[in-house]
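Take this structure first; my questions come after.
Order of writing sets the chain letters: A, B, C, D, E and F. Residues in each chain are counted from 1.
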Amino acid sequence: LRILIINPNRIEGCTEIIREAAQEAAGDDTEIVATMPTSGPIELSGEPEVLLSAVGVLDRVEALGDDADAVVMAGFGEPGREAAQAKVASPVLDITECGPAAAHLLGRTYAVVTSTEQVVPTVEDRLHALRLDDRCVGVLPTGLSVPDMVGHPERTLKTVIDTARQAPGEVVVLGCGGMAGQAAAVSQVIGRPVVDGVTAAVTLAESLVRLGLRPYRRA
Amino acid sequence: LRILIINPNRIEGCTEIIREAAQEAAGDDTEIVATMPTSGPIELSGEPEVLLSAVGVLDRVEALGDDADAVVMAGFGEPGREAAQAKVASPVLDITECGPAAAHLLGRTYAVVTSTEQVVPTVEDRLHALRLDDRCVGVLPTGLSVPDMVGHPERTLKTVIDTARQAPGEVVVLGCGGMAGQAAAVSQVIGRPVVDGVTAAVTLAESLVRLGLRPYRRA
Amino acid sequence: LRILIINPNRIEGCTEIIREAAQEAAGDDTEIVATMPTSGPIELSGEPEVLLSAVGVLDRVEALGDDADAVVMAGFGEPGREAAQAKVASPVLDITECGPAAAHLLGRTYAVVTSTEQVVPTVEDRLHALRLDDRCVGVLPTGLSVPDMVGHPERTLKTVIDTARQAPGEVVVLGCGGMAGQAAAVSQVIGRPVVDGVTAAVTLAESLVRLGLRPYRRA
Amino acid sequence: LRILIINPNRIEGCTEIIREAAQEAAGDDTEIVATMPTSGPIELSGEPEVLLSAVGVLDRVEALGDDADAVVMAGFGEPGREAAQAKVASPVLDITECGPAAAHLLGRTYAVVTSTEQVVPTVEDRLHALRLDDRCVGVLPTGLSVPDMVGHPERTLKTVIDTARQAPGEVVVLGCGGMAGQAAAVSQVIGRPVVDGVTAAVTLAESLVRLGLRPYRRA
Amino acid sequence: LRILIINPNRIEGCTEIIREAAQEAAGDDTEIVATMPTSGPIELSGEPEVLLSAVGVLDRVEALGDDADAVVMAGFGEPGREAAQAKVASPVLDITECGPAAAHLLGRTYAVVTSTEQVVPTVEDRLHALRLDDRCVGVLPTGLSVPDMVGHPERTLKTVIDTARQAPGEVVVLGCGGMAGQAAAVSQVIGRPVVDGVTAAVTLAESLVRLGLRPYRRA
Amino acid sequence: LRILIINPNRIEGCTEIIREAAQEAAGDDTEIVATMPTSGPIELSGEPEVLLSAVGVLDRVEALGDDADAVVMAGFGEPGREAAQAKVASPVLDITECGPAAAHLLGRTYAVVTSTEQVVPTVEDRLHALRLDDRCVGVLPTGLSVPDMVGHPERTLKTVIDTARQAPGEVVVLGCGGMAGQAAAVSQVIGRPVVDGVTAAVTLAESLVRLGLRPYRRA
């Protein structure tokens, strides 16, 4: 069983973080192929970069998706899932959906802890578009950029914990691929369930594949 | 990894159907313990039976839940998940949530195919309560009771297919534990994704357990 | 005209409070029969108790409901009205609906003042399920348990007044059977309308009976 | 206990229908004072007439409201309740709210049967404004004008029954003052609960008065 | 191209403020006819005055509307647009709709800055009725009455700026005809887009007229 | 005053249709610059093409937007407005917003008539994302592709009229740039207001520019 997971930015260290977290979450018989766009913006600092990145991600899906049993898009709040799904018959999962999907099973309400203040409206809009905003009680920025996360893992963990502690709701969703792998450590400190969108997506992808479920595709 | 799955009615054949479907969906290292209430109504023919059954299910959770890594409630539209969750630290999953959760990952909209016309308002109300009604475009009865399903599997499959074919939306959710194990056969005929709440719940439970995710519990 | 009113807990003093408030609100030709479950939890301290209590209430409806022109369920936020309704042809009213129904006629928005913090999510979820949350602007706990209310009426009144004073919205709804009979005293101090779910339910029940209105019952 | 009930049109026969239904629904110690505007439109055939009528109703509230323990506005879908409430300390009830309020206690969903096709959008908009549209599943015109209703009671009853029979939902609300008094006859034929907004408002008004409940009034 | 713009109160200075702002916003070939009711309340201090004023406005539409290519109702939060529209074939625009309509094109969310605290519920209710409340994140009173605005323009500007500065959301809508003409000055200070309902309505009216768009009118 | 209007596909004839309709709607002192992407998909036949086209549109905004007083995106249902807005200080308007914005001023409800069945979910999702779905009562495909529209204007008009005639709601919005300029002809036949998103956007852009309104931009 092979899962293609795509980091939307072009920071190798971030791809690495995602790969490790995904591999650790995956079953023994699951192969994780982590990749990132070969062109487009390095960082997703604003709406234009988010849009351009989606094209780079689509390109990766087209190139590598047919060999995968499932595809995971590891950007939180980004568009493009529908386009990617049109390219492959296997399910394409978006961590923006998978994080809240798992959170829904763990508590009545959830809050998202994300990167910088600039992405908050993007995330809020995307959750609304996906009809995942009913039970979302807040989207909180940590102020961390992806390079911050890659370069300073310990400081990052501390900042994520500080923000998560202040988050309202019963469950916290880590809303950035660069925070992959930190859920358990954050949960232990704050005493509430913490969902990592990346690892949630990997296990949900495995579920769908094992059940033989393929997505609906428009004619 | 052990999953306790509880059939809310007291029809042994239905428990058997659920057990088989759950076991088939589960990973090799997952042990399925299927059970049903030891007292209470045989069939869930109306709201009083649904309520009494929830107490019987709660009783089973209390007796057997501590030995399980996750609990699955296999009644579609029934109350009691919050009460069951209060009894154990492991996650308690409800097929009423897990079916739509998987469907959300496979298409924009879904319809539920369920047993008799009497349960339609119960199912609609529960989906609303769980805030899962936004993307639900219909709850369609097959007219089948659980004894029908247990006693006449071939006729049941035919009827489920007939109803699913007429269902609106992109994805169909099988909304009754007695239909467990039929998703692939229905999907093959109707050409759309079909989710079986029971098998979806089993693999989602495995996901949560493997990720070490425990539910939020009220003080 | 006879109204059966059911206290969901098994604290005799609470049944007494409810009986007195109901009798005082009722018309001269109305007989109030107040009762409580004969088995099940003493206090409704959590979701399992709430569920078990609903069965005890259902049992009372079955035993005594046929002799009543209307039934009032005096638990705020509890499930089971649909099940109870299936047992009798007379209308079954829930104070969780009747309090807000009266509040809607008295102001644009209302807040609920209830017992302990633990029941707040239960009440919020039930108001959502009943589609009564649109105009609800808050559910505020007093921190009082039912034994507190029964044992210390004066301190209880003071605490309810303190909480109601801080409640947002135009109208306050007393969201616990144990607060029955206090609406006028609270209203006088806070200068806003205060609705007691129990007395509202009694007079609404009388209205329905006098108008000859019977509830819809599923086939 | 005195209730002032105001017919918004200036058709004496309609005021008479409302008076009779109200008196019959009222308790023995309730005096019904039925009136109508002394100026303004005879019939409420469109939005301008509805607006002008609201001023005529306000005038009646100002002239006669202080002597009443409660005021009932007997136009379905008309504006002006907030204005009328500002004139008197007693509660002002609108049949547009009271019909659905009673229906909510009798079933999950309701449909409104009203006069002509022209008023359907007015009624729908008003139900939305009052946040009463969640459980409303249809507003159906009978095609009857108020003069039709006043002049031809038997034909009216037959037409109302025909329309009610086709109405979706569990409960039917008679959405026109000119249909007052017909609920029982319609219900008997269609086999579902039928609420008359006028009689519901009268008994709800009595409830509020007996409970000593006064509305919130803005500073 | 002639636009009739109607100030709902009867304060000449306010009509003058509206006329000037409208004329300044209008194209060279647009003639602005500003008027106010010839009878009814001087100030709109409460719900009864708002209702009576709507009749006075309707009267002006009837008298002068046929000569106009479009009509603008310059009261924020007032009813009566539907009634006015029934009187003329030309479009009738309400600044309560036009302010938010322009704001929607300029940002994700908006807040309304209005006159006194008393009108806040009226404005909130009207925005809900018009389904314009989804993106509205606040209605903030300045505490200013229309005579304040007319008599003390400089102090008014200062107060509006102070309130707008504290308003949440991306865009501010000036929610009172008496604030017409101040948007640019407020925007310059607070650094966010500020929409004046009056000038927005004038240019939207010109748009509709130039496009030859006539409103839907009920049969 | 210069408006840059961007056709998202790369069919010259469609750009020409848009240019003509825009120029005709624009004021005398408005210069229309119509353009289309210089790379990317020719037709927008599916989600991947829609995404790629958005990047081509963004590229045009970046190249030509600084010289424009406003930018109009002439694709109905496409993403990318937020990204485009980040590139220029002038307002960027999307016909998907402007069509419904004008329709809201002309009637209570509207339906969209669009190109092929494949784009219907894309349009529905985008209207939901923009919170414009409350008053939308249908999205109807004509079955026409853009090449159909460009190559066969008469047949196109006939098909649009046929579809619009069957559309529910009070107002019809033409939901495809290739239908630009046909609103008056369709309206004349169907007897209801018909809004062309392109011409609505042009006059709304002129309004904003003339009022000096600039959009909110994230830090």
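Everything below uses one rule, namely that contacts are C-beta pairs under 8 Å (C-beta built on N, C-alpha and C of every residue); 3 or more make two chains touch, one makes a residue touch a chain.
Since the structure is predicted, the reported quantities are computational estimates derived from the model, not experimental observations.
Using residue numbers, check each pair in E-F, D-E or B-C against C-D and return the one sharing over half of the contact pairs.
E-F
Please state whether E-F or A-F has more C-beta contact pairs across its interface.
E-F
List the centre-to-centre spacing of subunit D and subunit F in whole Å, with centres computed as mean CA coordinates.
About 45 Å, centre to centre.
Taking each chain's centre as the mean of its CA atoms, how far is subunit A from subunit F in angstrom?
Averaging C-alpha atoms per chain gives centres 32 Å apart.
Which integer distance in Å separates the CA centroid of subunit A from that of subunit B?
28
How big is the gap, in whole Å, between where the Cα atoms of subunit B centre and where those of subunit E centre?
54
Residue numbers in subunit B touching 2 or more other chains?
108, 121, 125, 131
What residues of subunit F sit close enough to touch subunit A in their complex?
Residues 46-48, 50-52, 54-55, 58, 79-80, 82-87, 117-118, 121-122, 125, 128-129, 131, 218-219.
For subunit B, which residues are in contact with subunit A within the complex?
25, 27, 91, 93, 97-98, 101-102, 104-108, 131, 134-135, 170-171, 183-184, 192-193, 195-196, 199-200, 203-204, 206-208, 210-216
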